[in-house]
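Just below sit the structures, each encoded as structure tokens.
What follows is a pair of complexes built around chain A, which joins chain B in one and chain C in the other.
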Partner chain A sequence: MSGAVFPIATLASSLLVAALIFLLPERAWWARTSLNLGASLIKLGLVGWMVWGLHRGLDYAVEFPVVAGVSFVLRADALGIMFAGLSSLLWLFTTLYAIGYLEDSPNRKRFFGFFSLCVASTLGISLAGNLFTFLIFYEMLTLSTYPLVVHRGTPKALAAGAVYLRYTLSGGLALLLGVVALHVIAGDIHFGEREVLADLGAEWHPLLVSIFVLMILGLGVKTALVPLHGWLPKAMVAPAPVSALLHAVAVVKAGAFGIVRLVYDVYGIELSYQLGLMHGLVAIAAVTIIYGSLRALAQQELKARLAFSTVSQVSYIVLGVGLFGPLATVAALSHLLHQGLMKVTLFFCAGNYAEELGIHRIDELDGAGWRMPLTSFAFTVGALGMIGLPPTVGFISKWYLGVGSIEAGMPWLLAVLVTSSLLNAAYFLPILHRLWFRVGPAHGYGDWPDERRLGRMETSGWLLWPTLATAAFSLLAGLLASMPFSPLEWAARVASQEYVL
Partner chain B sequence: MSNLLFPSVIIVAMLWPFGLAMRVPVRGWLSSSGRSRVWLDGWWCTAPLPALALLLPWSEPSLTLSWWLLGGVWSLDDPRRSLLALTVLLWGLAGLYARGYLASEQHRQEAGDDNAARRLQRFALFWPLCLAGNLLLIVAEDIASFYLGFSTMTFAAYALVVHAGTRDAQTGGLAYLVMAVLGEGMILAGLLWAAGSAETTMLDELREGLVEAEQGVWMAALLWLGFGVKAGVVGLHVWLPLAHPVAPTPASAVLSGVMIKAGLLGWLMTLPLGHADPGEAFVMLGRVMSVAGLAAAFGAAVYGACQSHPKAVLAYSSVSQMGMLTALVAMGLIVPEQWPALLAAVVLFACHHGLTKGTLFLGVGISEHPPRMPSWLLWALLLLPGLSLSGVLGSGLASKWGYKTVLYDADHKDLVLWLSLAAVGTTLLMARALWCQWRAARQASHDDPVALTGAMPVAWLGTLLAAASLPWWLPMGRPDWPPLGELVGLWWPAALGVVLAVSIGLMARQHLHEVIKKLPPGDLWWPLMRGYQAVAGRVARGVSRLGASVAAVVRRLQALERWLVDGLGVLARGEQWLGRHGAVLMMASALLLAIIMLVAP
Partner chain C sequence: MNDLAALGDEALKLTPSLWAAVWLVLGGPLLLGLVALYWPPRRMLTVVAAYLPVMAATGWLIVTVAASGPRHASLALGELTLTWYLDGLATLLMLLTQTVLLASAVFAVGYCRAAELPSRPAAWLWPLLGGLSSGLTLIWIAADLLSLYVGLELMGLCAVALMLLPGEADALAAGMRYLLYALVGSLAWLLGVSLLLGAWGRLDLAGLAAVAEPGTVTTIAVALLSAGLLLKASIFPLHAWLAPVHGAAWIPVSAVHAALVIKASFVILLKLWLLLVPGQVVAAWGLGGLGSLAVLWGGLLAWRASGLKALVAYSTVGQLGYLMLAFPLLIGTSDAVATLAWRGTWLHLAGHALAKAAMFMAVGSLVLATGRSKLSELAGTSRRLPLPLLTFGLAAVTLMGLPPSAGFTAKWLLLQAAMQGQQWIWILVLVLGTMLTAAYLFRMFRHSFDEQAPPLTYRRLPPGMDLVPLLLALAALALGLVADLPLNFLSAQGASS
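Right after this comes the complex of A and B.
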């Protein structure tokens, strides 16, 4: 019985909070903040408990029919709990950060309400047990992030929001068509019932391929696969915590997670491989990785550079999914977490520079390391991770991807990976050089664009501590990658299930 | 009990310099104003000391860290213990030297110069960090630790290169960083490829796997070139002569003495040297390596002899010496059965070059700030390491005899001849470096000689002593001394070099000036840079055009969408019109039907 309670309670913890926040008055800062933090701590506890339970072999699932033949399924399996763990961990930090970031700004009630809804949708996506449930939360995520993207209400933000909706709604439509088509062919497929499609027989294969392509188109919008990535760099007009969430957990990761589910738990690796679908994924991912890095190199604005870097980095996950072999799977799944930790850190830092010093452009960062050493340290960790240097988590991802591509018999992918590393170095090292080695306002030359003293330390503690915490996680998860319950170890556990079964 | 002793010693040895590095930001954080703060204090100098304990003859020098990165194994064997000894000694003495060398910056900090304070702080942070990376890469047996140590050392050394912050330092730093990143890329590709096909995370299994893998020789080539950036393989060496002259002298000493040996260690750890049957392809790779090595040995000697900055000359000499080492390492692929003996010779050569070159670099600073001692003694002491490097005496003679005997046993007399000719070049370079130092010292007037007990002279004399006594304390490759009859065969290159140097100096002095002006340090860097700038502009334009064309496609799609929406509007308007005129239309069509029916028969 208790197995059913946990997924529902986890989901409810943020749904209820969203409802309560909308009911509270705008000025109720204390009530809202304690609700937010309390709920995120409770959720983290629940997810942690489920992780421990899964480790002991327990099962957490709840299922009830909606109409005949379609049921609503929540199930915490090893893969889902991985994503749930990431989102609840990063939600805690992003909430803390957002509280500090939005200090004294209007419409905070609306913001935190939709923020909670957004996290609820992400959790729903991670715990969904079949395509129908997945689709519901996937669409809910689109709708709940729109108000966050346009939060500022400026013409630029509204335009970005319009672009965002166009892309994601059409993607959602494609996904919907795919889900319905699969339902017609094979009925209600629960995640993990890989034999359903595999048993269909060869005459269905052309249809299965077209459905797969359709669904990848739908999921590829959120994953920001080239050429469906156009919304992502525009959406960076959103406030920093939203960008952080969008890039690290919520939207792009929901897409990537969807691709993981589709390949591993609906089609199954064997079938996807037989149908030749994996090669297509590898090709798209390779193109996206290089293209995103090249575009990032040309950006002069910090957040824009980070946004294109996300385009590139998220496709590492797709690349890992597309390679046949357990090591590549480990790479894909662990990078799901690793990229989240690193990117959230980088966006937090970008937000800190913007809030404390008014810095938006890269050439304004000269010497900022001496003014904001802790933030810049966190940025350095994130950037080195993106390049893939040890001991950060980025190295672990890159290692497994590289070894996985050898295992899959595609050594040419190493060239893609190394080129991407070099390009990452080419656009991150100059930033690090500016931070630490150039002289700037901190040395008495010129002024910061818009300096505010937000706290006794280099900036407000609300902004600083979450940044440091995520940076520490991305360092420790790499340094101690072989510890039990590290992202890598958990990814290996999931991968072994995918390949043994 | 002793099972726990080695692990704790090795962990302390790794963590101690790291902790000392971390002390700097913590101290800076605790109080932001501290003009009288001494960043390079006594504690700071102790960074490499705990690693000395690793040199003891441990019975089981290995530590397994199952939770670390991809699973860590740290251990030591004789070649690595020798390199560790070199590392600890040179880093320690150069650190001591740095205290004296940077004393003027300390004075400036106390006088209120914030930039000097920041420079010192950065130096104090990155020096031990770089050392920590260097120590880790020596003890690492697993790939991840090795790569961690290597890249930590590489990137931390950037801060040492650009220390002065001048324009030249920026150029040197850029060259260093660009080449280092390229090297890291090749190393990463080689390691991933090799480790992936051998399915391992350990270096020894990777070595074995290279021979068995189908494309093993390409993996090996990537690793050779990747580590070759550090070791100054010809073509990839351009950062050395640009970075060495601009770095602070103690940093140049460790760069040239120890850090480029990390490239050598990379080869020793990853290439299947001495493997019983490496296959034809590897023999071919060995030939390529030895040709490249000899090309570096000669090219760098000629080009370096035309430099005017003593540190640039010494940097080219390092390229030249590493070229000779490359040729010797390549023999491990060509005549694997001789490898055990050759390895000892290579390690001896590497350690000899490391310490001697370190002494020479430190000597440049000494000739700039001469200590209180008779001029003839000073110059005699400055001359000694040069003679040793030329192979006339001391460790140079021993190491030359070491590889010569092995090569004679392996029946590769031609290589001995080539290496002897390269030693002529070395002598030329030493003569040139000393001449440049001599001239610089004569032009500058020194009214305030440094006390002989100061940090700089003590450290310099220490390295001199260590280099001279090397054959007696080195854990591996303790050499036999050549019999007297062989001395002629060993000395002629140096004698020829001296004759050559003197005659060139006397005869072509005027022309030499013209030549020198045309040959800037960094040789290939400058044309490469110009080529890059031409290409990069075009690529950047191409990428932005690509972005623009993508945007154009999006715009066209949007136009299509607008057109569709407009089309919907037309339909809606049509519907409205239909609604408004429905009655009339109905009447008209009824009338039309009636007429048709009437007319029809």
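Right after this comes the complex of A and C.
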């Protein structure tokens, strides 16, 4: 019984906070802030407790029927708790950041209400125990992020919101059809019951393949797989904390996590491999990785470059999923966390530059490292991680991916990885060069576009500390990768479960 | 459904105390309405308190039927015998009706005050709502064509009168048109009934189902009955009267009308088809086709609509189309498919009733508070009126069929039924309908999230007017997650078995 309490409490902590925030008046800054922070700490504690419990072999699950034959299932398994941990950790920092970022701006109540709903959906996605429950939270995520994307209320934001909806709602429908179809042929499959589809027999295989393709179409929209990625660069008109969340945990990760679930826990790796689905995934992922990097190279705005970099980086996860072999699985799962830590840092930094100095374009960054050394240090850590330089976490992901692709017998993927890393370097190193080695307003040449002195330090503490914290986490996750409960170690644990078949 | 199995069983007749409960639900609202004609309620809590006995009686009926199965009753009026039948479906529909009516009545108290309605017509709102309630309840429990006719007419006339209440030119014009349509519908219905009576000599549904053989007479009779009902249910292409009527009517009236009145005709239609022509697969597909066109055309009209009320009204046309998919999915399909479709249909009906009532009320609050009735004039409202907008959004979730909501679970069931029955075309309809619904409902947010519009002046409304629709919308969401309980209670499922 007590096992049912934790998943529900984790979910309820953000749902309740959302409801309370909607009830509070706009000016109740203290109440809202303490609710937000209190809830994120409680949630982090709950998830941490469940991690410890899973380690000791406990089971956390709750299930009730919604209609005959379909159940609402929440279950914390090793894979789900990994994603839940990421989102509750990053939620804490993003909340802190958002509080500072939205200081004195209108509609904060609406923002934080939907922000909490968004996190509740992400947690629901990670704890969902079957496709029906996953779908519920997947769509809830679409709905709760829309108000965040259009938050500014400018024509550009509203247009981006419309594009976002068009993509995600259509994707959701495709996923719905796929899930219902699977349900019709195989019943309510709980995640992990891989034998259900595997036992169906060869005459079902063509149908299973088409359902898989349909569902990947649905999930691929949020994962921003090329050519379904069109909404992502547009959605960066959202405020910086929203972009950070969208790119690091919430939307794109929900899609990637869905693909992981679909391949590992519904179809099972063996069956996916037999059906030849993995090759398709690898091909799409390879194309997306290169295409995203090329487009990123062409962007002159900082956030746009980061957005296309997300397109490319998230597909590393898909690539890892598509490769048959435990090492690639480790790479995919650990990159799910690593990319989140790095990307959230980078977007925080972009927000800091924009808020403190009014910088949006890359060519305005000259010498900014000397004006904002801590932010720029964090940016450097994130950027080097994206390139994959040791000892950052990005190196670990790429190393395992590379070894995994050899293990899977696809050494040509090494070329993709190397090309992508070169491209990563090509679009990140010039930024670092501008930050640290060019002379700019910090040296007395010219002016910043719009300088505001937000705090005693280089910028407001609300903005600075979360940035440094996530940067530190992404460094530590790389340095301490072999310690227990590090992302890598946990990913290896999940992978060992997947391959014990 | 509708096996009406308990009908002959003496032991399952209504006991006197159950009779009292039925009469309370049937007549209570009308009585309360007549009292309110002379002493109109001034506080929302008064309405809630006065309505408590009716709700309690409804609850008791549900509990009784759940515990000991369907009950029936007959009422001799001279030579005529009225047959009533209370099963899970009927009692659940009673609960839905009373919930929506109570919510609308509570909302109406605030609405009358906030909209400064003239006191005389406003006082008539109450007895007419009461009459509407009696008519609806009678329809839910009727098991003979005469009771159905009485219920239908009572409901229809009260609805027309309610539409005429505003007394303005456009309300009168729309109301008179509605009356005309309703009368034509009734005429068709009466013709059908007399044909059946002449051919088979009886009016009770169970008897008719037993003796009526498929043939020209039955077909023509059912066709006439159906034509009348389709007109009253504003099923495409007979939907033209709906939007003007709603545009001019008062908000609580629109809410009840869209949530319940229109559905009553659909419920009768479904009952009659399953009992009288369970083998007419082709015609059932025809009805499904009409429904599909309604989904698409209603969606397009709502998409083009510039007025808020028109948008919500056209959305009703589209949503009713989903219900019509019940015919091809229930008639001539396997038991498994029919069960899924049966449950999906009722869940969709309930979810839509709650959500549409909530949406009309939210729109009413928005229009009252801003004094604007066009979508484009609502720019920037999200800053000032978050609660009605939130309610609109939550109701929209149900209407779009996104999770977690009754609309979603219903769509899930219908999709599953269509796939299992291999009726692929309805899947396409459901998908297109969902996209259209999202397209026209998100127009609202596109305008209200606009931050660069000149600020409007706002009026304060009583908090109850925000709270009531919010609760309805939340109920529609919650229903999607706990649907198992009411659906299991829907008596024997399946088609005509």
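Throughout what follows, the second predicted complex is superposed on the first by the 500 of 501 C-alpha atoms of A that agree within 3 Å, B and C clash if a C-alpha of one lies under 4 Å from a C-alpha of the other, contacts with A are read in each partner's own complex, and residues count from 1 in each chain.
Simple rule for what comes next: contacts are C-beta pairs under 8 Å (C-beta built on N, C-alpha and C of every residue); 3 or more make two chains touch, one makes a residue touch a chain.
Everything numeric here is computed off the predicted structure, so don't read it as measured data.
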item	value
Which superposed partner A:405 touches (first chain B, second chain C, both, neither)	first
First (chain B), second (chain C), both or neither touched by A:202	neither
Touched partner set for A:395, first chain B, second chain C, both or neither	first
Partner chain(s) touched by A:154 [first = chain B, second = chain C, both, neither]	second
First, second, both or neither for A:140, with chain B first and chain C second	second
Which superposed partner A:107 touches (first chain B, second chain C, both, neither)	second
Chain A-touching residues of chain C, taken from the complex the two chains share	339, 343, 347, 380, 382-383, 386, 390, 393, 397, 402-404, 408-409, 411-413, 415-416, 419-420, 427, 431, 434-435, 438, 442, 445-446, 449-452, 480-484, 487-488
Chain A to chain B touching residues, read off their complex	227, 230, 294-295, 297-298, 370, 373, 388-391, 395-396, 398-399, 402-407, 411, 414-415, 417-418, 421-422, 425-426, 429, 436-437, 439, 443-444, 478-483
Touching residues on chain B, where the partner in the complex is chain A	25, 28-29, 66-71, 114-115, 118, 122, 144, 147-148, 151, 155, 159, 162, 165, 177, 181-182, 184-186, 188-189, 192-193, 195-197, 199, 215, 540, 543-544, 546-547, 550, 553-554
Residues on chain A engaged by chain C in the complex (per definition of touch)	22, 64-68, 70, 72, 106-107, 109-110, 132, 135-137, 139-140, 142-143, 146-147, 150, 152-155, 158, 161-162, 165, 169-170, 172-173, 176-177, 180-181, 183-184
